[in-house]
Structures are given as C-alpha cells and as structure tokens.
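Input: structures, listed below.
What follows is a pair of complexes built around subunit A, which joins subunit B in one and subunit C in the other.
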Partner chain A sequence: MKVPRAIRPILVVALAYAIVEAGIPAIGALLKPGTWPVVPAHLARIYLFFIANVVLLYTAADEVLWGRVRGELRYFFGADEVRVVRTLVIAAISLAGGYVAYDAVRPRLETPPELRAIHPAPPASFSIGGKAYDLSTLNNPLRADKSKFADHVKAGAELYFKNCFFCHGDKLDGKGHYADAFHPRPANFRDVGTIAQLRESYLFWRIATGGPGLPREGWPWMSSMPIWHRFLSETEIWQVILFLYDFTGQAPRVRDS
Partner chain B sequence: MKALAVMLLLVLVLLASGGGRALVASPSGAMAAETVSAAEAAVGHPGAPKLTPPDYPRYGGLNSRVVVWVAAQLHLFFAAFVLGVPIFVLAIEFIGWRNRDPRYDRMAHEFIKISMGAFSLTATSGGILVFALVALYPGLFAYLTGIFGPVMLLYALLFLAETACLYAYYYGWDAMQGRRKPGHILLGLGLNLVGTALMVLSNSWATFMMAPSGVDARGVFAGDVWAAVAGPLWTPLNVHRFLANIAYGGAIVGAYAAYRFIAARTPGEKAHYDWMGHTANGVAIVALLPLPFAGYWMTKEIYDYSQQMGITLMGGVFAWLFIIQAVLIGTIFLAANFYLWCGMARLDGTSRTAYLVKYIAGVLVICFLVWFTPHTLVMTARETAALGGAYHPVLGPLGLMSAKNTAVNVMILATFLTYQLFRRSMVRSTQSWMARATRLQVAFYIAAVANIVWLGVYGYFVPANVRIGLSVPQVATTLLVIVVCVVVDEAIASRSERVHMIHWGRMPTRAQYALFTLAVAFTWLMGLMGYIRSSIRQHWHVYTVMRDGSADAFTPTIGHATSIVSASTLVFLLLILFVFWLSGLGRGQAVASGPVAAPATP
Partner chain C sequence: MRRLAIPLVLLLAQALAAAAPADSEVGRAVYDRWCARCHGAEGDGNGPAAPFLMPRPRDFTLGVYKYKSTEGTRPPSDQDIGRMVAEGMPGTAMPGWKDVLGEGDRQNVVAYVKTFSDIFEAEEPGPPISLAGRPADSPQLVAVGKDTYRKAKCHECHGDAGKGNPSKKLKDDWGAPAWPRNLTRPWTFRGGSDVKDIYTRITVGIPGMPMPAFGDAGKPDALTEWERWSVAHYVASLADPARRPSPAANVAKASYRAEEIPADVTAQVWLDAPAVSFRLAPQIIAAERLFTPVVDQVTVRALYNDREVALLVEWDDPTPSRPGDRVQAALAPGEMFEDAVAAQFPVAPSEGPDKPYFGHGDAANPVNVWYWRAGRAGAGSAYALFDMRGMGSKVERDPAPSGLSASGEYTDGTWRVVFRRSRLGDTGDVPFESGRLIPVAFANWDGSNGEKGSKHTLTPWVWLWLEPAPSLKTAYVPTAVALLLAGGLLGASARARRAGGRREHGEGK
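This part shows the complex of A and B:
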C-alpha cells in the first residue's frame, strides 16, 4: 500500500518523537549503564516543535507536493465514503488534545524544574581574613616555579584524599561516598563542562569560599561544598587546584594576552 | 520634523557638555568631603559620581528604566535599519550601473525610499532617547558627556552630514543618471562613510559603559578621549553591528517586498516585487552568515575583559535567554531556507537537484537540535533522578561550544548549498570539464564537512583556550567552500547555455510569509541580544566604575525583560508598517514593464 502524502509528514514526526523519547535515552543508557537519561521535557518540546516545523515547511515548499497533500486533505475532510474514519480521527484528535490540556493542569507532587546556574558569576574580588583577591588578575602562583611542580601536585593529591574525595570521588568523577546524599551533587572534575572551562582564579574562589560564598542572586544554592579557607592555607588551595588539573589531564582556561 | 529633532539633539548635547558640571553638581558636592586624588586634581576631571536614589528625578508613576530602555531600543531598531540599507543599495546601484541594467537602479531607488521614510523616525526616537536620558538619568548623562563631550559634538555634526547626504542621494537619484551616475555613486559612498562613522561613534559610549577604558578605577578620566573610545569591546561591537545592520536592513526591506507582492495586482508588479524579495532575502542571508562568528568573537572579548561578565553572560540567568536566541536564529535560518526552497518554483520544470532539498532539510534539523541544546538543562527532580545526576551523557557534550560551532558551520554550508542549487539549476553543463568541476565541488563539500566535524570532535580533547581557537579553522573551511564554489559557479555559468528562464513572480504567497517571519525574528532577536549585552553590566551604569544608585539597580526577571523586548518589537513593527504604507502612497510610476521572464540574474 502506498502511504498517502498527507500521512508521511506525520509518520516522520512520529519517528522523531520515538527517537527523542526512546532512542536518545537508550543510547544514554548504553553510555551510562543503570540510568535512563531521558531528554528533559522542556527540551523535548522544543526539539519536536522544530522537527514538526521543518517537516511542514518542507512539504509546503514544493508546489506539486503541497498540491497533492492539499488534495488528500480535501478528500479526507469532504468525501462521503470516509465519513466513519473521519469522525474517528477527529474524535481521537479532540480526545488527545483534551488529555494534553488535562495533563498540563492536573495537580502533581513533583517539584518544578530548577533554573540553576552551574557556574554563577564570581565577584570581581573577594577577601579572606583581610586579604583581598582581585579575580581578574589572580593567577596560580605555584605555576611559576617549574622545578617544584611535581612536589606541589603530590601535596595537592594528599590534600585531596584527606579532604575532598569523600564527596568528589577517588577518580575525581563526582562519585564520592557521600555524593548520592547531596543535591546538587558534587562536581565531576573529569567532565569537560566543569574545571576545564574555568580559570584557576575561579576555582580558587569556589574552593576558598565554598557553597556559602556563592553569590546572593541565585539563592538558595543548597551547595554542600565546605568553606575551605577555614581549613586550608592559601598555598594548599593552589596545590589542590594543581592536582585537580594534573590528575584529570585538563588545562585551565587562560586569558589571551 | 527631522531638522527639529536634529536641532533638539544638538542643543541637548551642547547643553549637556557645557552644563554637565552644573548638572553633576549635587552628587559631586556630596563627594567633596572625600580626599581628591592626585590624578583628579591634575586633569581637573571628577571621578564617577556616587549616586543615590534622590539623584534620579522621577516623574509620576513612570518607570525610568523602562522609558529609557524602550526609547533606546526603538532608536536602535530604526538606526540599524537606516544605516544598513544604504550599504546594499549602493552595491545594487553599482551593479546596475556596471551592467547597464535599469532594473537594478529602480530597485535600489525603491529600497532607499523605504529607508527615507524611516529616517525621520530614527531622528525623532534619537531625540526622545537623549531627552529621556537627560531628564531621568542626569548624573549618568553628565558623567558620560564629561568624557565623551567632543565625540558627541562630532556625532551631532555627522548626523547633520548624514541628513544632507541622504537627502541629496535620494532626491538626486533621477537627476543624476547617465553621465552623472559616478557622482551619485560617490555621494552614496559618502553617505555610507558618514553612516558608519555615526555608528562607530555611538558604539563607543555603549562599550565604554560595559568595559570602561581611559579612566582609572574611580572613574577619573585621564583626558584622552581616544583611549575612552577605543575600549576593548569597541572593535568587536563595531564589526558585529555593521554586519547585523546589513542583515537587518535586508530583512526589513524583504518584508516590504513581500507586502507589496501580496498586494500586487499585475504580473509585472508581482515579478518586480518577487525579484526584490529574492534580493533582500539574499542580502539578509549573506550578511547573516558571518554573524555567528562575530558574535563568538565578541563573547570571547567579553570573557577576556572580565571573567565575571563572561560568566554572567553565558552561565548565569542570561543563559536562559540564549535558548530563546537559539530558537530565533533557528527560525531565521529556517525561514530563509524555506524561501529558497519555494524559489525553485520559479524555474521551468522540476529542477534536477530538487530531490536534494529533503537531505538539506534533514541536515538543518540535526544542526538546529545541536545548536539549541543548552549547556545547563532545565530538569525536574524526577528527570534528574532518571539521569543519575545533572549531566546528560548524550546531550551534555552537545551543550559545549565545540558542538555549537560545528553545527552552525554545517548549517551555514547547507543554507549556502540551497542557494547554490537554485543558481545551478538554471544552467546545463555543456563541456566535460564542467562535470568534473561539479564532482570536485561535491568532493570539496564532503571534505569540508568532514573537516569541520573532526575539528569539533577534536575540541573535546583539548583545553578550553585551544578549543576556542579551533573555531577559526572551522570558519575558514566554511568560507573557503563558499568562495571556491562561487568562483567555480561563476566560471560554469558564464560558459554554458541557460536552460531555464526564471519566472519572477511565480512564487507562492506563503513564501512571502517567510519574509515577514524573517523581519519579525530579526527584530526580536536584536532586542533580546541588545538587552543581554547591556544587562550584563548588572548594577553598574559604567561597569566597575559608576554604580547604578537608582531603585532600578537590579536585573529584571526574565519574564519582565522579554515582555519589554516584545513590546518594543511590536511598536517598531507597527511603525515600520506605517512607513511601508507611506512609501506606497506616492507610487506614481507603477512598475508596468517588469521582468516577467528574465534571464537568470539573481
């Protein structure tokens, strides 16, 4: 049987729907076993909206194709011999519309989505114990002396496994022992989306001031990240930063001169 | 009307630069108790005043920020349009003159006519903006004039020159034909030079507010105006706006052509406006293609100027507006492509390459989806649980710059391919080298896409600063393909027979709505991005130097901001409709002898 022209766009969109709702999560499950990484509903809606639009535009762009689709639609909505099917289709569409409307307004217990910025803007400067740090010029002072680099990284590693690995994990992948208890979860330093795209000065600020040091704008942050300047010295913080980059093989973002 | 607005502008600027000290008196009086720095004493320039709410006059229930915002936005819409149009009008006029084709000349004339109508509104809205600034933000205005006084004066003078040039250019059009044409073209060149100078000057104070230069940390001006003008963001903004203005001008006159096309009664008129719409769409697309790169450059400069500002822009609350931006840019690409696809109807018979359109559509979809996928996903708690964290294994990598750059480059190539197919459909290769050249082009496309994708993937394995650098070879690849294809196509077209006539006017009405969509999406996008650009200053009038001391020194909610942007967009579109209507009124010389079936001259 030849599929009518007017049906084909619908089939294409249905296929796209299946890929977005099941295909992508399936690939995700392969990459990250034990999870079912759905496409967030907000995004899925935009995806499908655009796919449907392109399909529609493609159909409408060609005069012949468009004429045929219109002819079929006219037949479907006009001819007597398809009256029953037509009534059923219209009923099904109306019911589906009703369900979508109901689903959108029915009371639920789920918390609404969070508009959480992972990397909030740092302040221009901050101070610890009277010493001010200007984030726009701050650099890791330990990188200057290459001969001591290995020692600093080693010291950083020790600090990391004494202080950070409970949360950030022994592989620095954010899967420490406590990780599942926290929301937001501890950062995964191996992910290209975290320390790899930040400057060292940013890390310094985040580690030194922790969750409570996050800017007021995005409150409540609920971040469990401790305020490390209370436990570590300035040099120790720079050492642990060296370790984070060295171990993950990432490089910090630098200012172009 | 215009003269009045210009006079008003001039008087205000003079008043402000002369009386700036007087206006600023109260806040600087409050500062007198502070110690005067050495620099301050030496140059005689006060630092940035520290304003408090009483320093901001309030009028009734008016929200000062919204008033200035809307006035500035409207002025920018009109200014962008009025500065963008003459650039391609001159190019079209030049082509018509070189090819001795009066149709180009007529089209160019009609384009500039629309921009004439908008010119008075540009001046008026500019006057309103300056007035609003002086009345509502006297402290800021006085501080800026204290530094930019000479620049503003030059600006006002150039505005007069712009008016003179535009009037001479427009009204001298018919008189300066034939032997006098070169003179007219020179006049157009002058108009564009003055217009560009105007834009560049007004950009200087906008970028100064974002990234002040030429002043010290307390805002004390060292006296070097050039240092204040040429700040770190000045050049990127100049380039970005220059390109965007052309694209915007093209989009708006495209809407005009669509409007006339739908209203046209005779085939001649239809053909004329179809051709006009096609040209305008082409202008908009060509100027649009390099825009994403100009945007990336500017973002990079912002990040380099201030990490805080960069992160506010890309990572914070504004990140959500970038999703809207992505949707609008997607709309623009789609509308432009749809219009090109519909354009195949102008050719005789079915084009041999029409079947490729569905693959192009498929590639566009995939690229859009990558382009939309935000860095930070908005998720409900249940979705986060299903993911086992905030990081999505499939979509996460797509949120990064490498993926976006790749997508946008491929999207641009696909759009260009559509355009190329349309042009190539008109000729038949007659010699064997042409077939070989075509095969070479295909190979070139494949190699280019492979290279772009490879660079994109490679980007995940290198540090962030190297990754950003990779966008350069990606763009270079795209541009190289475009240039090579244009050259080869030109060679083939000039040496082969034309098998198809273009039937201008044989275009479905629904394609015209694509042109409207283009204009609306462009306007909206400009408003939105303009808001973001100026809002990343946060609670500063002049970033890190002069605090916003008013009650409005907070970042508005996304909903409020988008409403204001949308309202400005709507007002502008209504005004521009009025301009369209006006331009149609005096249309005595109807386009009777339009090119119904013309040889291919897109």
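This part shows the complex of A and C:
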C-alpha cells in the first residue's frame, strides 16, 4: 500500500516523537539496566518543534512534492467518496484539540522540584560554644595514635547504634527503621557518592552542626539531622566518623597537597 | 557448550552450598559484625541499641522464637529463623539481610544464633504445620471467619474493628508492654501477611507473647483447622492498603464544597474526601527524645468552602488516653498522659523552596500550631492556637479571632479529630488560598505510651493543597477549541468541495 504524500510528514513526526519518548530512554536502559531516563518534557517539546519545522520545510521546498500534497489534501477535503472518513477525521482532530486544551487549563498539582544541594560547600570555619574550628586545617585527631584505633572504632560503633542507626540503618545504607518517615532521606554511607567523596572535617561539621547548620542551598529547614554537639562530645563525634569509614571500608577524601 | 557451562557451575556451587553443613564458627563473625549491636555479643538481646527499641531485639538465650511454623511448643526450624534473617520483620528495627548476606552466610549465622540456647540440643524442631487444607477465598468463608473471630474472643485484644485496641493489659514473657497487632495494616505483620502466614500465627501462636496457639487440639479454646483458615481469611479481608503511607504521596488535597462542611466525620462528604497517610517518626532530634513510638501514622482528609478550611486527622491508637480514666490507665505500661495531635503551618508560606525550620520554625520564620488534646476524663477535649519561633518558644493566642476550633472522638480504635479555621484567619495566621501548595506538618502524642511535651511523633513538612473549585474555564476553553477546529476544518472541506465542483463543471464544458 502506498502511503499518501500528505500523511508521510505526519508519520515522520510521529516516529520522531516515539524516538524521543521511548527510543532515547530505551538506549539509556540498555546502557544502564533498570533505569528509564526520560527526556525532560520541555526538551522534548523543543526537539519536536524543530523536527516538525524541518519536515514541513522539506515537504514545501520541492514544488512537485508540494503540489502532490496539495492535490491529496484537496481530494481528502473535497471528494464525495471519502465523506465518511473525512467526517470522522475532522471529529477526531476536534476532540483531540479539545482534550489538549482541557489538559492545559484544568487545575493541576505539581509539587516543586527539589533542587537541594545534598553536600553543599562548607563554611571556611565555624564555632561551637566559643571554640572555633578551621575546616581547611581540621583533621581527625584520633588517627594519630594507631594503638587506640580499634578502641575508638568500637566506641564509635556503640555511639552509632545508640544515636544514628534509627535513620542511617544497621547496614549504614540510609534505610533505618524511621528513614522513610523523614524527608529528605538519611544519607547512605555505603554509597560511593557520600562519605567517600568528603573529608573527615566535612563530616565533623555536618554532624556537629546538623540540619540547622546547613547553608541556604542545603535547605536547613528540611533536614532532620540533629545538632549533635548538643548530645555528643568532640571526641565522640570523631569516634563515630572513624566507625563510618572503617565499617563501610570507604576512605575519606584527603586534601590535595 | 560454553553458554551452558556458567549456569551449570553456578548450580553446582549452589548445590554444594546447600549441602555443606552450616558452620556456626563462621556465623560468629557474621553475627559480631552485623547483629551484635542489637542482639548483644552474648545473644541476650542486650546490645547497645536495645534500650532504644520496641519491640526489643530477640533474646536468643531462651530459645523462644516468636515467628515459627513448627507444631506445638517445639523449637523453630532453621528455615523459620533463616526467613526472619533474610526478610526481616516489617514494623520493627530488624531489616531483611539478604542484600548484604548471601545464603551461606545466613545459614551460618542461623547456626551460630542457635548455639546461644541449649534447647536446640535437647529438642528437634517439630514438623511444620500443614498448609494443605487452605480453602479458596470466598465471602462465605470471610463471614464464617468474622463469627469465629468473636467466638474465639480475638476482639478482646485486637478490637472489634481489628485496630489492635485491647480490653486488657498485655505483656510479653520478658515483661515488656505488648500491644496487639493492628490487623488492618498487613505491612506491619512481622511474620508475613499472606493468608498462610496469618493461618500459621493463629495455629501456633506467637511464643513469648500473649497471642495464644489456637491449633492445640487438647486446649479448650482450640479452633478446628477450618475455623482457623476462616479467621485467617477474615483477618486478610480487614487489610486497608489505601492507608499505607508512601514517601511519594506527600500532598493532602482539600476538596471544594459550596455548602457547609459537616461536623459529623461519618458524613458522606468526609468519606468521599481524598485521604492521604503520612508516616510518623518519633522526635529523636532534640532533647527530650522519644525512641519507641506506638502510633506510627496519621491519615488526613481536607475540605474547604468559601469561608472555612477543615482538616480531618485520623489515627489508630490502642487506647483513648484521658488522665483520670481508670480503665484506660490500667492498660498503660506507665503513667498515662492525654492523647493529642497538632498541625503546623508557616505563617507566611513562600513561593520558593524556603520554609520555616520543620521543628517549630525559627526566629525569622514563625509557624502556627493548631493543637488538640483529649483532656481529662469527663472534662472533654480542648484546643489551642500557638505561635512558635523555634523549639520551646511557644506563645498561646486566642483562637476565636482566627475562627479556629477542633473536636475529636474515639471509636473502635481510631481517633478522628477535625480542625476548622476561617480561610483568611486573623493577623499572624497562615492564609488558605486555593490552588497554592501550603506546607503543613503533623505531630501526635500517644498518652498511654508516656508521650508528653517534646516526646511525641511527627511528620516532616508535607503539603496541603486546596484543589481549585471547578470553574467555567475548564468547560468552555476546551469546547471553544474543539468548535474552532471543527469549524475551520469543515470550512476548508466546504471550500474544497466547491472548488472541486467548479473544476468538474469546467472540465465538463
């Protein structure tokens, strides 16, 4: 069966639409199984706008081709023998247009995107109860004496299971038994994107000052991380940090020398 | 050939692993790394985390396992223990371990856990109870189950509606308070929520807990196999999956109503209003903290009209706690305070991401707190309006100018509290505009669980959205577009036909 010239541009645009909506995510799924990376709606609209324009230009640029398209359209709109099909197509297009308009004006609910910085840049320094900490020079003091390392890790483990595991989990995977009641979700320390990317001084700052200590881009009003310096001593915080790295087998990021 | 080789090797390895006897010494290392912080290095359920947990971690030294499938008082099978290790226990701090521990490790740790008690040397695990008699689900069977539920006095602990509200004080064998399971929430069933899991619980009971075994033919309260299956099906029919909180569902939608909002919470408009459930976490952020909550979720519905907005906050609670109520006080493990609930709003909701700190706001961003409490027995409930600028900075304000009121009632294991306020409120009140997302957070105090003051449960910021009333725009814009399109296309058609007719005419000449 020969596809009429007037239908072809529509088919090409439909094919492009299918590629943008399903083809691109399918490639993503092949590269990384279990994912379905969709093209953002505004980007998809831009793609389709340009594709539709190019198709239209291509069709209209060749005079012979354009003549045929016009002929077919004239036949479709004018010939008596296609009257039933014509009426149906006009009805379908009108209803589809009505639906698109309805979709555009109906009251809809879109929760705002959460563009929160998970690991925002820390301040240069901060102070707790009058004691100032310079983050650029701060190091974990408990790493100096190797003979006490195991004791500190053990103490850190106990502290973790008395204070942190409710949210960050037995497995340090951020899936503690209250984790899904909080938003944003607690950090997963096993993930290579968290403590493995950060210096120990950064962890000290985040733990000691908690959610309210975050800068604005970290959305301090949402984080349920407690202000731990109110519950734990400085040494205890460093012990927990040692435990986090030791148990997960991650290494803290060190300053580039 | 090579394609077959890999699966064959894997199969062989699996067969070997299954055949190899579990090694309790290897299991010790697994246990010390992953389990000891809750269950204790000596297996006595007294690890450093244990005091902060309810239910408490299992004490392995007694050899009593709550969730087993073996007959009578015989010890559990390795499969029973292995299942809890692999799948975990929903609603408790015990996670499923199959993501970090392979089958071999899990078998080894089961072998090690068994060494804490000598019961496994003295007794063989009994045979698993038979599940072969499972009847097909039917409304008749559920009806029989409902009758059996009463006959077997299940309602005395689990409540008439299955919400887990007991009529007597319950303790486990270790002396800890035990609240009966809320049967409408199968996602919190520790030993699984399939009908056959429920049948297993009814048949062998929960050792160490007040839940008796109904399958012991010798006992006077024993039920026949058919009756137990019928109760299992009835219990499964009580499930209310729509109330399962989901982190993705974080918007309470208020529906518009032209008329008055009924005070009666059983009115059809309230039942038709969309409901959303939010998980409650205990307040473990600032002193004094609560670690062992009982009430773990709230369900919210909302309605509004031109004048008012109303929130219906519901939660299942094993006891209606009003100090002075001796019957309820007798059920509470400790001193009983009053049940209470609160809703919190930013005074000035911003269009951007900024909000007041979720823990009662901050100096620059105050919040309104609507507070309802059950009151003393006989005195009736009370409500209040607070302005807060951070924890502990409570300023009470007269609720009357804001048009704020609240009332609550407790039926069959569920509290239902309705807050109402005028849409505009008073100076310093959050305004309720339709079509706009307004942050809201909830807090709950379970008085029989010793919750009072900063010891309470809470949600983070979620949203309230007053769904705009149906407007003419949503009807006439689509109609106009459809008519324009139809008109344009029909017009084109008419022109084309006229032109075609002229051409034919012309050609005919």
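Simple rule for what comes next: the second predicted complex is superposed on the first by the 144 of 257 C-alpha atoms of A that agree within 3 Å, B and C clash if a C-alpha of one lies under 4 Å from a C-alpha of the other, contacts with A are read in each partner's own complex, and residues count from 1 in each chain.
Criterion: a residue touches a chain if its C-beta (ideal position, glycine included) is under 8 Å from a C-beta of that chain, and two chains touch if they have at least 3 such contacts.
Quick caveat, the model's predicted, so the values are computed rather than measured.
Undergrad: Which partner does A:Lys171 reach: the first (subunit B), the second (subunit C), both, or neither?
TA: second
Undergrad: Using the touch definition from the top, say if A:Ala101 reaches subunit B (first), subunit C (second), both or neither.
TA: So A:Ala101 only meets subunit C here.
Undergrad: Taking the superposition as given, does A:Arg253 touch the first partner, subunit B, the second, subunit C, both, or neither?
TA: A:Arg253: touches subunit B, not subunit C.
Undergrad: Where does A:Trp221 make contact in the superposed view: on subunit B (first), on subunit C (second), on both, or on neither?
TA: second
Undergrad: A:Val39 in the overlay: touching subunit B, subunit C, both, or neither? Say first, second, both or neither.
TA: Only subunit B is touched by A:Val39; subunit C is not.
Undergrad: Could you say whether A:Tyr47 touches subunit B, subunit C, both of them, or neither, answering first, second, both or neither?
TA: first
Undergrad: Of the partners subunit B and subunit C, which touch A:Ala157 in the superposed model: first, second, both, neither?
TA: Only subunit C; A:Ala157 stays clear of subunit B.
Undergrad: I'd like to know which partner A:Ala181 touches here: subunit B for first, subunit C for second, both or neither.
TA: second
Undergrad: Taking the superposition on A as described, I'd like to know which of subunit B and subunit C A:Pro112 touches: first, second, both or neither.
TA: both
Undergrad: If I apply the document's touch criterion, which positions on subunit A are contacted by subunit B in one structure and by subunit C in the other?
TA: Of subunit A, residues 111-112, 114-116, 183, 185 contact subunit B in one complex and subunit C in the other.
Undergrad: If we count contacts the way the header does, which residues on subunit A are in touch with subunit B in the complex?
TA: 24, 27-28, 31-32, 34-43, 46-47, 50-51, 53-55, 57-58, 60-64, 66, 110-124, 135-136, 174, 183-185, 188, 191-193, 196-197, 199, 201-202, 217-218, 250-256
Undergrad: For the complex, give me every residue of subunit A touching subunit C.
TA: Residues of subunit A touching subunit C: 73-74, 77-80, 86, 90-91, 93-95, 97-102, 104-107, 109, 111-112, 114-116, 157-158, 160-162, 165-167, 169-171, 175-178, 180-183, 185, 211-212, 216, 219-222, 224, 226-227, 230-231.
Undergrad: Please name which positions on subunit C make contact with subunit A in the complex.
TA: Per the touch definition, subunit C meets subunit A at residues 34, 37-38, 47-49, 52, 92-93, 95, 99-100, 245, 247, 250-251, 253, 279-282, 284-287, 291, 296, 353-358, 362, 365, 435, 437, 459-463, 465, 467-468, 471, 473-474, 477-486, 489-490, 492-493, 495-497, 499-500.
Undergrad: Which residues, counting only subunit B, touch subunit A once they are in their complex?
TA: 300, 304, 306-309, 311-312, 315-317, 319-320, 323, 327, 330, 334, 337-338, 341-342, 344-345, 350, 354, 357-358, 361, 364-365, 368-369, 372-384, 386-397, 399-400, 460, 463-466, 508, 510, 544, 555
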